[in-house]
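One structure coming up, written as structure tokens, with questions to follow.
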Amino acid sequence: MIDIQLNETALQTQACIEFVQSDDAGGIDVFIGTVRNATKGKPVLRLEFEAYETMAIAEMRKIAEQAIDKFGVKRIALHHRTGLLEIGEAAVVIAVSAPHRAAAFDACRYCIDTLKETVPIWKKEVFEDGEVWVAAHP
Amino acid sequence: MIDIQLNETALQTQACIEFVQSDDAGGIDVFIGTVRNATKGKPVLRLEFEAYETMAIAEMRKIAEQAIDKFGVKRIALHHRTGLLEIGEAAVVIAVSAPHRAAAFDACRYCIDTLKETVPIWKKEVFEDGEVWVAAHP
Amino acid sequence: MKISLLSFGIAKEITGTRFMDVELPDSATIAALRAKLVEQFPGLAQLAAVKLAINGEYASETAVLNDSDEVALIPPVSGG
Amino acid sequence: MKISLLSFGIAKEITGTRFMDVELPDSATIAALRAKLVEQFPGLAQLAAVKLAINGEYASETAVLNDSDEVALIPPVSGG
């Protein structure tokens, strides 16, 4: 079972955990990516995420399906935030449940690693003196 | 910063996450070990955890300290349940925050793997037809 | 034929708009569209790898476009 | 001298009690205590590796006991 969401409002970690919880799951791994207050030592004021929404949701679903195939996990919730985020807010929450913990860890890590490579979402860091689209330039 | 707890009442995942959250952490990994409804296909009615409490807390603290040393993570919350647990309840919750996600994943996995080897806590599975102390016999 | 072009992130800043229509010869490929766009918006050439997607799927350089396709300019992603 | 012995999990079922006092010669080692306990409670020999801890720290077989030490019989752990 897969729950994919792209939200303009605060992500609900507890809802992700509840979605993946089941009586035959022994291990749940959850990853929460939060907005850091600095990049390479330079203070970040806030972040903005822009998404190609339909494709982002489709790519997130593909990743979850691949993780289920590869690692034999049972349930995955994958929620990503869009819009303006303050320091400390969650940009992404991924919860994975599996009968045994190794698969839950591996699948969760696969999801975030792959999401960062393939899902069309872009992060703009806002500094005191300007804004930068992350990773845009070589 | 380390928060170690051994609790007779339901574990609070959200409290563990809030403990490790900080403005300079970019990634939080959380592991939740829950009570499964079956072991090797045999229905489990409930579980009971017994702990050598003072030593269990000391060993859990050692593990968290080692994880901070080894992986450079910032904050760890490690809560374990004792007493009677129903199916689906959390037996252990581990939350780890780090500037970057790889360290958070590695440290969280180190904590649960090591906890299962060294922390003096014992699990008794209660079946329809009897009880078994897990891993007691070769 | 005419395709719809979506631009995101830094690409949107370079093209100046999220949505635009682009006229192309029939059976134009992604490579042909890319060449046309880089000519029109030289800033695109300064970016780390820019991918293109057709109707929401990543497309290869040899993929052939059809009238009314939705094509997206996808600069390096940075979600998560 | 006398040490306090704590038993947990399956070990508690075998010794029949969580707390007991054990009389030992002065300077007895963990190995000597283990031998004495296995003789008194043969069921302990059937378990997967049983460790012993002195005052809350895992102890080697050659560790020497002192009067009033708290020693714990630690059958294979299974937390988490």
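As written, the chains take the letters A, B, C and D, and residue 1 is the first residue of each chain.
Definition applied: a contact is a pair of C-beta atoms (placed from the backbone, for glycine too) under 8 Å apart; a residue touches a chain by one contact, two chains touch by 3 or more.
Note that this is a predicted model, so its numbers are computed, not measured.
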Q | Excluding chain A, groups that stay connected where the other chains sit | A | B, D | C
(Q) By mean C-alpha position, what chain is farthest away from chain A? (A) D
Q.
I'd like the Å distance between the centres of chain B and chain C, where a centre is the mean of that chain's Cα atoms.
A. 48
Q: Could you please state the distance in Å, as a whole number, between where the Cα atoms of chain A are centred and where those of chain C are centred?
A: 26
Q | Residues of chain C touching at least two other chains | A | none
Q.
Give the residues of chain A touching no fewer than two other chains, as numbers and ranges.
A. 33, 112
Q) Okay, what are all the chain pairs that touch? A) A-B, A-C, B-D
Q: Using the touch definition up top, name the residues of chain A that touch chain B in the complex.
A: 13-14, 17, 21-38, 87-88, 99, 101, 104-105, 108-109, 112
Q: Within their complex, state which residues of chain B touch chain D.
A: 33, 49-52, 54-56, 58, 80, 91-92, 112, 115-124, 133-138
Q.
Looking at the complex, which residues from chain D come into contact with chain B?
A. 6, 8-10, 12-13, 46-48, 53, 56-58, 72, 74-80
